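See below for the structure under consideration.
We just call them A, B and C in the order they show up, numbering each chain from 1.
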Amino acid sequence: MFRNQYDTDITTYSPQGRLHQVEYAMEAVKQGSAVVGVRSNTHVILATLKRSASELASHQKKLSEIDDHVGVAIAGLTADARVLTRFMRNECLNHKYVFEQPLALSRLALSVADKCQVSTQRASKRPFGVGLLLAGYDATGPHLFQTCPSGNYYEYYAMAIGSRSQGAKTYLERTFDSFPECTVDQLAKHAVLALRETVSSSKDTELTLENTAVAIVGKGTNFVIYEDDEVKPYLDMIDADEEEQPAEAEPAAADAPMTDA
Amino acid sequence: MSILQPNASVRGLPNADPRVASSGFKLGEHHDPYDPLDVAHPAAPLSRHFHPYEDNGGTVLSVSGGDYTIVASDTRLGSGYSVPTRYVSRVIKLTDKAVLASSGMHTDIAILHKVLRIRLTQYRHRHRKEMSLEAISQLLSTILYYRRFQPYYTFNVLGGIDENGQGWSYGYDAIGSHEKVRAVCSGSGQYLLQPVLDNQVEFRQMAADPTRKELQLEPCVELVKDAFTSTCERDIYTGDLVEICRITAKGVEMEKFELRAD
Amino acid sequence: MEKVIYVNETDAQRKPLLPSASSSVMSGLRLTAGVPLKDRDDSVLASAAGAPVKHTSRPIVTGSSVIAMRCKDGVVMATDTLASYGSLARFRQISRLYKATDHCVIGGGGDMSDFFELCETVRKETTLEYCYDDGHMITASAIHQMLARIMYNRRNKMDPYWNYMLVAGWQHGKPVLGYVDLVGSHFVSEVIATGYGEYLGLPLLRKAYREDITVEEGKKVLQQILTVLFYRDARTIDRIQIACVTEKGVEISEPTKLETEWSYKAFISGARASDVSTW
């Protein structure tokens, strides 16, 4: 990415019809560590790779509960994610206050995407530098949504975002056909295996109890986060069968700033 | 508000103007306060105006022992001399260790419970833990006092177990005054129920007996059932069903117990 | 066929709420209706300028009872078609049933202008839901709750929508029936009646109710109860509509005339102070 004369102002198009500041914000998402989301007919599972800023620091949390029926995984600027998280929690509480029913996932994704869009069209604003994977279960079943700094949002069967997520995406593309009928455990295994694709290419890291977190939501199950010792069963699952061959991964991203997660 | 009295207002319907009705009708002088065209007394105020409050009755109680608390409420929704419905839940489980029961105006109860639930959720999100019983007791008081000049018409009892596993009950008035006690009740059957609790739970006016022990959970549940059965003999706003919550270290269990439904 | 004025003027299968200028049907309802939103804002401005804000202090054009029963296979709800103006039977062909969604119907009593404005509010919400086009449609219980919030907010402002409403629906394979009133009180129940129906109809509804009662039986029960109400409630007429919400959707009957029997001896002899008869 090189400097050009059309990227100093968020609201100025380049002659090619691009908004460079928005695209840079999209790059911030790729700097964050990877998160993976997978969906079956009944459940959605998120798996995240947590970073710590240094040996002396704790690992940055990447999963948040939004409401009983929905949670998010974040990739990008953690501070921006906090703002969006608070916004989504308020949306859910307000909706429940008025209608006494959980907010539908598609509506939540839309409202957060709309919020992102606003900061792509005002000269005085900065786009959010964070991508979200929204996982939840509502009246129309389990859903997995991705939102982008650009204001775009998509629904997925399975998705990965963040640094080196191409490896995970390749794994998911190869296996997602089997996801709909998966049990919760099988689905969790796919999520963690996909996540492992994002670390397998770099020699210095592997999935550990400290840097891995898994969250599950689905039919009859509220959004629950498993981390530290609770994540052990999920790591044991993939240790149990090691025949999976690592897929090709994209080159490692440049060293991320400390604010990234 | 009764159809049994002359000139009474029936909910949602015109009532007679007492100024006219008290003197009886004379032919040609009939004044209908409901008739927009009738300007017989243009300067006189109308007898009927909007009352934002309504008492839907209900009796709630909370009784605490060493390691348990029982919170109970009947489910009748009363309105005037009517019972519009026999089952509305007035108890809400706030956490695994705290249950709130409210009587009074049903719509205020519903909103109060919603507000509390939101505040507890926000607390959980911010602090990644559940609010303690003690903190909830103070929060409830603050929420009630916030509406000091347009109060929630609710009479609450809060019960649960604190961070040491000890059971406690809290009784409130409509604007947030509260006290921490062993046993308390509130609502339309308060005056029938409270003396029973004073005597049977706190052993007031009983001769000193060194062998006497604090009431255990199950005998206490039986006492609560008897107390409600007795209350609804004389209080028309209490009846139909009572929801009894046992709060112990294991969590909250709810039992339903039938009362007279007439 | 009787002509009824409906709230929902754009629904293709419905007749318009406001008849055209040439129509002979009275269209005075909207003129006496609650202050439209725009004017309400004006009233706030007026208040700032020192003028008093006007609140609804009493209902003007009123509907009487709404009665309903939750059945095994759906919900039935019934009203008469009268909107009274004080003791005057002013508008005799008003529908007090509003089809909110394909699986939800609202019945209203109390001030009819307030009721129609509430129906508009509900329609805004259902239209918005339709526009989302994401497979979700607002459920009857969500509409019930939303109305309860609206009513409660307005009672807090001491400016109530003067209504008693029942919300019936079919959602997730189950029937629902809820009540909401001018102070925001709300509950769900298997049988509900408002207005004089609460005194005269509710005991009959409770007596007739069974867990396995069907909508067809329910319709007959409601018809009988409305007959009783017609005999005794001076603000009820003998033209009624019955709504039925089942898995298949909402079905609101054309207005039908109740069959009444006035040849009872007590009816004929009439009421006299000396009569022992209660009539």
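Just so we're on the same page, a residue touches a chain if its C-beta (ideal position, glycine included) is under 8 Å from a C-beta of that chain, and two chains touch if they have at least 3 such contacts.
Quantities reported herein were computed from a predicted structural model and do not represent experimental measurements.
Student: In this assembly, which chains make contact with subunit A and also with subunit B?
Tutor: A chain counts here if it touches both subunit A and subunit B, which gives C.
Student: In terms of C-beta pairs in contact, which of A-C and B-C ranks higher?
Tutor: Counting C-beta pairs in contact for A-C and B-C gives the edge to B-C.
Student: With centres defined as the mean C-alpha position, give me the subunit A-subunit B separation in Å.
Tutor: 46
Student: CA centre of subunit A versus CA centre of subunit C: separation in Å?
Tutor: Whole-Å distance between the two chain centres: 48.
Student: Starting from the mean Cα coordinates of subunit B and subunit C, work out the distance between those two points in Å.
Tutor: Roughly 30 Å separates the two chain centres.
Student: Please set out, as single numbers or ranges, the residues of subunit A touching at least two other chains.
Tutor: In subunit A, 97 touch at least two other chains.
Student: Where on subunit A is subunit C touching in the complex?
Tutor: Touch residues, subunit A against subunit C: 97-101, 104, 106-107, 110, 138-140.
Student: Which residues of subunit C touch subunit A once you look at their complex with the stated criterion?
Tutor: On the subunit C side, the touching residues are 132, 134-136, 138-139, 141-142, 145-146, 149, 172.
Student: Enumerate the contact residues on subunit B facing subunit C in the complex.
Tutor: Going through subunit B, the ones touching subunit C are 3, 10-14, 32, 34-38, 46, 48-54, 56, 77, 79, 82, 84-88, 105-107, 110-111, 150.
Student: Flag every residue of subunit C that touches subunit B in the complex, lowest number first.
Tutor: 55-58, 60, 64, 85-88, 109-110, 148, 152, 155-156, 158, 160, 162, 164, 179, 181-189, 192, 194-196, 198-199, 202, 235
Student: Give the list of subunit B residues in touch with subunit A in this complex.
Tutor: For subunit B paired with subunit A, touching residues are 114, 118, 121-122, 125.
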